[in-house]
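Note that the chains are named A, B, C and D in the order they appear, and that numbering of residues resets to 1 at the start of each chain.
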Amino acid sequence: MTDYAAILETIYADVQPLLVQGKVASYIPQLSEVDAAQFGMAVYCLDGRTYSVGAAGQKFSLQSVTKLFSLALAFSLEGDAIWSRVGREPSGSAFNSLVQLEYEQGKPRNPFINAGALVMTDILSSRSTASDTAILQFAREICDRQDIEFDLAVAQSEHGTAHRNYAIAHLMKDFGNLHNSVETVIDSYCRQCSITMTCTELAKAGSFLANHGTIPWSERQVLDASSSKRLNALMLTCGTYDAAGEFAYRVGLPAKSGVGGGILALVPGEMAIAVWSPGLDETGNSLAGTYALERFTSLTVRSIF
Amino acid sequence: MTDYAAILETIYADVQPLLVQGKVASYIPQLSEVDAAQFGMAVYCLDGRTYSVGAAGQKFSLQSVTKLFSLALAFSLEGDAIWSRVGREPSGSAFNSLVQLEYEQGKPRNPFINAGALVMTDILSSRSTASDTAILQFAREICDRQDIEFDLAVAQSEHGTAHRNYAIAHLMKDFGNLHNSVETVIDSYCRQCSITMTCTELAKAGSFLANHGTIPWSERQVLDASSSKRLNALMLTCGTYDAAGEFAYRVGLPAKSGVGGGILALVPGEMAIAVWSPGLDETGNSLAGTYALERFTSLTVRSIF
Amino acid sequence: MTDYAAILETIYADVQPLLVQGKVASYIPQLSEVDAAQFGMAVYCLDGRTYSVGAAGQKFSLQSVTKLFSLALAFSLEGDAIWSRVGREPSGSAFNSLVQLEYEQGKPRNPFINAGALVMTDILSSRSTASDTAILQFAREICDRQDIEFDLAVAQSEHGTAHRNYAIAHLMKDFGNLHNSVETVIDSYCRQCSITMTCTELAKAGSFLANHGTIPWSERQVLDASSSKRLNALMLTCGTYDAAGEFAYRVGLPAKSGVGGGILALVPGEMAIAVWSPGLDETGNSLAGTYALERFTSLTVRSIF
Amino acid sequence: MTDYAAILETIYADVQPLLVQGKVASYIPQLSEVDAAQFGMAVYCLDGRTYSVGAAGQKFSLQSVTKLFSLALAFSLEGDAIWSRVGREPSGSAFNSLVQLEYEQGKPRNPFINAGALVMTDILSSRSTASDTAILQFAREICDRQDIEFDLAVAQSEHGTAHRNYAIAHLMKDFGNLHNSVETVIDSYCRQCSITMTCTELAKAGSFLANHGTIPWSERQVLDASSSKRLNALMLTCGTYDAAGEFAYRVGLPAKSGVGGGILALVPGEMAIAVWSPGLDETGNSLAGTYALERFTSLTVRSIF
């Protein structure tokens, strides 16, 4: 039987030299103050066993990892109707570019670029006056902790520099692909991005996607098995910005990353893995976190390929 | 135990209404004359069992499926050095577009768009005066048949309308990313694209990639397990033109398609599947073939996700 | 001596069949209600003689023609400093596209596309809390009428559908090329666009640019001769959206058009010409208006070329 | 009366400090060997007077200046039919970019970018088996010298590095906008580009365009007045690569430049001016040459604006 505890310790030792090489996200003032030289990792097996190493109990800003939550929630509520408003293809350009969005008439390439996540938020805002609260409740449910919260200082910090997201939202509004006000959608988006979790919590939060759409402990089916499988496919092809191909090549697991330095990865049918290290590589993904996952799949022989 | 024979029969019945909906590739004169309403499918299990249905014994033009052969051969010979000349990211645009190639200074996004495949051919041409023969020999080895051949009429037909590939090759030459003459590379490329196989042969040809890089019957290791896994990841993220995300979403298997209507898909560790139906959807992938694979993963519960 | 009155009558007769062919701008609700089948034209010679025909006394919405006013005012106040924030090249794409703006890091190609005009407004807003009033005062001075006004219903109508301009402004804000708030700049921009004039007034308003930068009747030098000449050059290369080349080819005069159907054209050293017909061609320029100017240069042999 | 001789002497003195600042074109081997610190200028007045200064009698490679000759010749032979195959708008991107050409389905933006010039050559090749000879004969006629020649060493040098032009030609061939073989068109194109003239000869060669389309000494009408006016407009909006707006702003005359360092400019109805200095600015136009023309229009007050 695989000794995950030992493997995590090995990885922890291996990543140490990398912790000084990444750069923390600079465009959100609050995030730019985080110390890059931190690393945590946690594994949540579907049988309930959990393993962790390093700063796995330290809260961090989920940022784009929450795009997975808003997508899963919108998909569970609206089903395939969401695909009339967002595509399922890799973008081939930066996560916040407007070029492709203009060429493709305001329909984002996928739900994991900013434009696509704003559309998910818009869909949720059309169902509820407080889409941010709905997403927070969902986040609490899937990681089984009622004390998960927004970090309002981060939300405010992001809101103050959200000019590009405003540009994206207005462009989609111009094309008719945003039904609520730009302000409403951006507000909710900045708040959901600010949700904080620890690695241990995040691994647990991802477990329903490793478990064919059903939360392991409550047995509530969030998504049917087919939909869950499809979300995994989307994570693999589009979950790590414009480095999804490289990530799939190196790691070989469905994953979603955030500029806070977190990455959630899945071994379908077996486990969810969360890793956090705030130093980013040039593609905006956690440098040490990506390497840690690459080592994990090598040491456990757990790629999907 | 899964009854693959019955499953293939079910799929064969299911695809019948779709056979009239696709359109055969029109830009290569020879291919445009093929009857769209044909369908064949074959499964090659790593234990040697094989299953097939329909026109699985009918030869067809592999076209872009051969990009997998030239990549595997170049990768096996040159190792990671090939990645200095071609990327590993989805392209986000058509398989024969020049836009991204110009922005990215002549380095193709991945080895499965035409530009990337031309670079693989160029690499092989630098090793051998007859790169087309080298690829043909490789194709013969991996499907264990010495009678695999080019279809020279198709090669010539394609060569005569290869203006866009010439444009791509010259643009890369301008950027210094083509070391042999444009004529040499295009010649070899058109010939390799013209290789014909049956579904039964193609499924067998893909089996080494399902088998961690080793040819099952000869036990020759073409690629090590890690490299084979990585090729699978590339197939999933980039193997079906600008519909890779959609294909992963629907089918959930690594695959490589061609405009001849063939698709090779892999269930890592278990089997290779080949399907052929010449009617294409608007993304250039076999319409009935994609649906057949989607049905296959549903009926066998064999997605990687 | 050229009989301008007779020439205008000839043109008036010639354009009648065209009046039903153009389409009024549809994206601003208030403008979409205007009757397309109207035509007016006025000539203001630098010696004070004026000629007019048709609906030359009818007020219309100047829209993008006012980009010329904000540019001239900003240029007169700030001099060459404005060119650090806006370019002088034709854009090669639509007047409200974001693609080039993103590639060129938030620096608009020229002051006559929306992005560039927003930068001019931003510059004026940095000098004055009411840049819209400053532009209105300037408009009043150059056409020598104190009763020139905003059309607030049009301004409000435009503001309500200004999503794309908001997107452009936020994108420039993101790149640091907007110093005031997006709201401030868009407000002022929508108001200045709503200024109404008659053809007679507009021709007079343009006369300082035909007169080497000096208002003929007051002899106030708005721009020195060299700067005036340079603005004329900008009008010729960039003044009629993505049809500037076609316009120069057909008409051969510096001109600025607006989606309200107005066009101001200049014969340097001789006269300013205003034409109005609300039916637009597919490039967003007045269909009958462009034709009228083409006829005018033919009949008077007054091209600059 | 303007003392052109004195003005040219003044300019000659003024440009001296600039001669070391430009860089000679490096992509054509033969051109890269030219000494940058050279300068010549010549004026041909329509009454036959000529003025010159510096190295005005030195032959240089006309390169893209010859695009004017192929356009004028094709236009004189085919009339407006040429505009079905090439546009009249500035390109907004580099002279040899493929991006816009692909978006616009193989129709070049204007006849002065490489793609457009290749179409002109194609048109002439469809009329004559030796389009290069036809252009050479035309060049000889318009400058009244039978000893004008190709520089075959330059032509060959250019041909050997013409990969990007091959890419452009093949892309147009793919779109059906090239009727002769790529080889035929590129051959002719490289030869016409290699034509050499002195400033004195080039100024004379341009005089028919300053003279409303009629060669002054022979009174042969190459183009009617209207067509000649239109070519002037095209030169102004598109004649100096992606710096046409800047050039119009600074110089204010229709002009065509080449990477050999030559520029031909026109004062309609008065004169043609040729300037040569091989050091280029970053937009590919002669650095000292552009400045010399700017000084010329200032000193003679001869802008068209």
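As a working rule, a contact is a pair of C-beta atoms (placed from the backbone, for glycine too) under 8 Å apart; a residue touches a chain by one contact, two chains touch by 3 or more.
What you see is a predicted model, and the numbers here were worked out from it, not measured in a lab.
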Chain whose Cα centroid lies at the greatest distance from that of subunit A: D
Approximate Å spacing (C-alpha centroids) for the pair subunit A, subunit C: 47
Subunit C and subunit D: spacing of chain centres that average the CA atoms, whole Å: 32
Where subunit A and subunit D are represented by their mean Cα positions, the distance between them in whole Å: 55
Multi-chain contact residues (two or more partners), subunit D: none
Chain-level touch network, classified as line, ring, star, complete or other: ring
Pairwise chain contacts under the document criterion: A-B, A-C, B-D, C-D
In the complex with subunit B, residue positions of subunit A that touch it: 87-93, 100, 109-110, 226, 228-230, 232-234, 236-238, 242-246, 248-250, 252, 254, 268, 298, 303-305
Of subunit C, residues touching subunit A in the complex: 97-99, 102-103, 163-164, 166-171, 173-174, 182
